[in-house]
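Both of the next two complexes hold chain A, though its partner changes from chain B to chain C.
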Partner chain A sequence: MTIKEFFGCAFLAFGPAVSLFIFVVGREPIRVILFIASSFFWLIALLISSLLWFAVVPLREKLAFGLVFSVLFQEASRLAYYKLVQKAENGLQKMMQDGQAGADEDSKQIKFIKNHHLMALVCGLAFGMTSGAFALVNILSASVGPGTVGIHGDSDHFFITSSLLTFAFVMLNTFWQVISYAALDKKSYWQVGVVVIFHLLASCLTLLNNRDPPIYAATITPAYVLLIISGIWAFVVAGGSLSGIKAFCGF
Partner chain B sequence: MLILLYLSFLTCLTGAIEKNKLSEKIYISLEGSSVCYLRLNRENTYGCKGAESAVGVLFYMDNAARQQWFKNNARQGPYTLLINPTKNFPFTKELMLEIRQYINDKKVNSLLVTYFGNSTVEQFSPESTCPNHKYDLYSNDDSYKDCLDYNWNVQGTNWLNEYFEIPILALYKADQVEKLIDICWKKRNEPKNDQPPQSPLCAVEIKSQMRGAVNAEVCLRRTGKTTNLNGESKELCTIIGARTIISSYPGPLLQEDKVILVLAQYLTLTMFETLAPGANNPLSGMITLLAVAKALKTSEKELQTHGRSIVFMLFGGETLDYLSSTKLVFDMKNKNFFIDKKQIELIVELSQLAGSKDQIYMHTNKINSSVAISQANEKITQKFTEYSKNIAFKEAKNNILPPASLQSFLKWFEVPGVVLADHNTEFINKFYNSRYDTLLDELRDLPFNTSFVNKSFPLAKKISEIAETITQTIYSLATNKTKTVNVDEIYVSNLLFCLLKNNSCDLLREIIPTDFNLTAGYGDKPTWTRDWHLSVQQSLSRKISTEQLVLSLMANATGIFSHNVTEKQCNSYNTGNKTGLWVNGFEIDKSVGMCIISAIRHHSGLSPGYDPSSIFYNYLSHKDLFYLQPQPTRFLIMAIRSGLRVHG
Partner chain C sequence: MEEPRTNQQLPPNVNIQDYINVDVPQEPAQQNGTQNNSRNEPFSSDQEEVDERIDLALFKGATNIIRLFVPVTLCMIIVVATVTSATNYTQSSGTFFYTPLSEKSSTGAARFGISLANTLIFLSVVIVMTVVLILLYKFSCYKIIHGWLIVSSLLLLFLFALIYWGQVLERYNVPMDYLTTALVIWNFGVPGMACIHWKGPLRLQQLYHIIISSLMALVFIKYLPDWTTWVLLALISVWDLVAVLCPFGPLKILVETAHERNEQIMPGLIYSSTMAWIVNAADDVPAAQGGNTETHRLEGRTNPNFGVDSNQTADVPAQNNQGDNANNNSQLAMRSLSSESVEEERGVKLGLGDFIFYSLLVGKASSYGDWNTTLACFIAILIGLSLTLFLLAIFKRALPALPISIFFGLIFYFATSQIVKPFMTRTAAHQVFI
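Right after this comes the complex of A and B.
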């Protein structure tokens, strides 16, 4: 039973992200490189957050403090990575051209580098998957068993809530990356600000899970509302439209 | 690179913290458990099988109705049975047979037994009805072997000599058991209105892996092997045994000196490693022996002029088929011992002595003994009767000996010998070799936190009187003279208190070596003393070794405190057959230490059958040695869908 719980939770949290990785990222080596680099940037954000947590001894027990700064560091590293990729764009293009003798402007790789939305998707997925892995890996290892949560009367929805939240954050990070890179391209900075606020909002709501008893519905519902809003927004930003969907579906 | 290293360190750190918090939501860990170990010999496995992780749904059985319900309706297994033996619901052989059936059916995969002292049960003994019968004096005698006529230990269940294919643990902390029952049983698993409980059920996980298996030979062979899997050879089994502690007045100084042997035992064997109080068997005998030894201290000169020596021996390994005495006799045969068989004039053995009210029974061997020996025995028993006062020394009705080390000597040669015990043809002790053999009822008037007992009490008085009769008889047998001797009743009181109730007391503190640690008890057990459990022979330098404590007790009883000796002189003291032992001493404020000079020595109690090439072959000799403390038990909720694990 606990083994089933483990696989259920793992697939729920990482299933969509892994399929995206396989179908979008894994096809091109350049995307994998950008993916790994992006997750490294998320790790740097984690490092700085933990250093801060480690240094400020009196506030160690206060989750909210660490959480807010962690969100800010993550957003900062998102911007830093944008800067890096922007600077590296020409170099990357050159590399692609050198690698493929006689490659023309329309080759797949070059297209990718020029298509900022796709690149943002790859980098955002890396951000999301890394943060998701860190959030869930301990919980997953405990879910193998032989026991499950609840000996002191805790809700037995703990594992499924954790997986649902992890899934939401993986996708949210992907959408936010797409939104904020497009906004940075257009220099429309208020959108970046909205993303930061969204991130803070979603993260701070998870603090409700720390209460006794935890209010899982109060965390999950707004997280998924944010997910839907961000998803539509990212879709629109990337040039999607209702007629596009209709055309895709063949109406 | 450095950053990465630091990062991985940090993630590990945070990971560990979070997991701990999470596991608190999943598991409760319980303290206060004692595990039943495996024991291997040449042919077989005894004791309980360990488990890397045995998970079973908890079922609490404390009355017959629950037992019945479990038999008919429990289908959500495998189960962990928690049994609470009481007067109304004793842990009987029949119950164990039923559980064995469950084990075969895989319905039960682990067993927990509560232990809250002996007020909860009337009788219990895991020993056989005829202890050690496979290796006793009568094992080749068709009409007396296997106790055909006598069942010494009527309530014996023989579980000590059986093999259980599941882990069995005793839980001895009341609050922990209560917690388990509250959280796990009452809230989750208790059937309500005869209906099976709803999932998720509460289960128990036991981790008590034992590395040895099959039998001693296989285990030793594996110990020596280096495989790809373990990388290095690890010790899987270590030999069981305990030293024989010996002291003497004045010790046979000449070849023609005659010797009177006074024997007793100091270790017991119970189902659970750390729950071995061993009060009546064997400590009552040992305490009496120490009292006798102390009372004879002033008679050393007279003994010497009569060419007699009195040698006191305390055996450790006797509960396993007379291991120690067999080894001693083996060495004596091969002239590896300081006494020769020809020198032994008489053997007196002190068995269980605390049980009876006002009589002691003298057991002698009447089977196949020559006329001369029978006469000598009769003379000795008469002497005992002659010197007895309030406590009558009577001849026992049986014509075979009860379980006693004397049998090992008689197997080899004929010698006059008498076993003194509180029982006639069956044990008075209802808790022979069990965790309930505590005698705490007799000591209930003594406050636990005393460091010195300054008044006598009935049990001490009884033991002192028995010791007095024995002392006078032995003195008279050795010298043909009568002498009034006084047994120190306060000494006996303190011995009883220290060894049976609380071993952190003045008497023991004075006589132990300076680096010895007395507070090695386990809190919250019914008694707070050492465990008198026969296990692996320990090094004497180990600071909590029971053998070292017995050695000190013997040195104190038979030796003298010497004031003007430094530690260096004491440790190298060797005059005649006397040696020095550097101990705390009674001038404890000065923190200097003192020297006890006595004729103590110790003799290895390891089985001669240990050497596979040895001709001396058929001895119980080895034990599994997963001798690390087993991991604590964890309890957890486990989701089980009913119907998934139905058997039958």
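Right after this comes the complex of A and C.
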């Protein structure tokens, strides 16, 4: 039973992200490097926010404080990474031109570099997967057992709700990255602001899980509503449209 | 240096300086030197072209970095999986011959002192062994070196594999008779010896290198005392820095001597992403690109434990392609062939010692049961490795692979286990997502 729960939760939280990783990131060395570097940036943001949380002793019990600053740091590191990628772009382009593959492959690679949405997707996926992994990995390893969930009167939906929320956050981070990078390219900064607000909103709502008993409906529903909104937004930003879908499906 | 070698030697010596100083008379030599060079646009003394080339060299490493990511990750996965599943690997039993002092029953400063003493003993053994190896190499005692290497890998592939097998069986409570065990170990070890010291499929050779490194790392995790491991990791990367970069650093001497003699560095010590030693490629495949066959060397160390060397050196001619390898395998030429057929080695190389210490760090981090720490160390080490490889592309010389990675790894280990872990544990327990 515990093993089943483990696999269920793991696939629920990371299944789509891992398949995206395999199909979009894994095959291209340059994307893997971008991915790792991006997760490193997230890690630094986490480290700084933990440091702040750790340093401010009186507020240690109040997660809201650490949470808000953590969100802000994450967004800051998102922007910092954007700057870095922009700087490296020329170099990356050269690397691709000089890449291992033939001319055909080359033009494909350069398209990737030129395609900021795809790059944003890779970086966002790294952000999301790293944050998701950090949030869930210990819970998952505990879910293998031995133990009984909710024996002290806590909710016995702990694992499944954690996985659902992790999935939402992995995907949200991916979408947000696409949106904010596109916005930064176009220099329309209000969109970046909206992304920050979305992130704050989604994260702060999960504070409701802190209550006893937790109101999962009040945290998971808005998270998924935000997920759908951000998803559609990112889709539109990346140049998708309804007619595009129709054409793709062959209507 | 005899005639043919001069030509062969030219590409490896190319560095940024050469690009800048390159002039017309050198061109023909360059083009005759290796077949693949002639396929590339001729060198130009035009300054812009030069800049271009430097940039190209700088950014060519993406594929190479990935070629090392995969094996390093595999090695870490083996170690972490073993450490987290077979718990008897983390209960240290007895002391190590090289770290004789016991940390138990001492606390704080005393414990730190003991671990420092342990590390210094260990390190001095490492240094002495390295120097001995370099002296042997310098005076061309190849027989002794090969004997040494063979005995080392023999020990690893048979004895350590046996210990590992025993631990795993013990953990899962599986009984197995001696005959079966002997059969298993024999069938595991003999192909390994063949692959490492003679010849075998490249993939298999790489796999055995990875396995050897993880076995070694697991032995360290089991026998090194807690604090000693961390002090050791810090000091060994300093030693690595010294050995590779100092004017009289033993590994610098090793790399240079090997270069002078136009030889591969000893087998069984380095992981290579392409067929690199013993068999060389008689390569008539138009080797894709990269006029600048610069040779980067990455690092080296000798690290004797039970007489095992994990010397590391990596040559990174920044380009190579997968297609070549397949072809090469069908056109193997022994090293003893005349130098014309001995193509310059291509591909990335990383010392097995690097594998060992990377995995040691990650494995030790995972042995405390917190996956966040393991993940953080893993990402930090990979980032350190990529930075090292980028530096390699810039400096085009042997570089130690440990310092940056281990430095990042240590920082993230301590930061994560002390600061991030409580924060993340709390958020996870309250289901608060950041």
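Some observations on this one:
The rule is simple: the second predicted complex is superposed on the first by the 244 of 251 C-alpha atoms of A that agree within 3 Å, B and C clash if a C-alpha of one lies under 4 Å from a C-alpha of the other, contacts with A are read in each partner's own complex, and residues count from 1 in each chain.
Note that a contact is a pair of C-beta atoms (placed from the backbone, for glycine too) under 8 Å apart; a residue touches a chain by one contact, two chains touch by 3 or more.
All values derive from a computational prediction rather than experimental measurement.
By the touch criterion defined above, A:59 reaches neither chain B nor chain C.
By the touch criterion defined above, A:200 reaches neither chain B nor chain C. Shared-chain residue A:152: touches chain B; no touch with chain C. When the shared chain is aligned, chain B comes close enough to touch A:2, but chain C does not. When the two complexes are overlaid on their common chain A, residue A:76 makes contact with neither chain B nor chain C.
The partner of chain A that touches more of its residues, comparing chain B with chain C, is C. By the touch criterion defined above, A:138 lies against chain B and chain C together after alignment on the C-alpha atoms of chain A. Comparing the two interfaces of chain A, the one with chain B and the one with chain C have residues 43, 46-47, 50, 54, 134, 137-139, 141, 158 in common. Residues 1-2, 5, 43, 46-47, 50, 54, 134, 137-139, 141-142, 145-152, 154, 156, 158 of chain A are the ones that touch chain B when the two sit in their complex. Interface residues of chain B facing chain A in the complex, by the touch rule stated above, are 3, 6-7, 10-11, 14-15, 18-19, 22-23, 25-28, 53, 55, 183-184, 200, 202-203, 205, 635-641, 644. Of all the residues in chain A, the ones that touch chain C in their complex are 29-30, 32-33, 36-37, 39-40, 43, 46-47, 49-51, 53-54, 63, 66-67, 70-71, 74, 91-92, 94-95, 98-100, 130-131, 133-139, 141, 158, 161-162, 165-166, 169, 202-203, 206-207, 209-210, 214, 219. Across the complex, chain C meets chain A through its residues 52, 55-56, 58-63, 65-66, 69, 288-290, 319-322, 370-372, 375-376, 379-380, 382-383, 386, 412, 415-416, 419-420, 422-428, 430-434.
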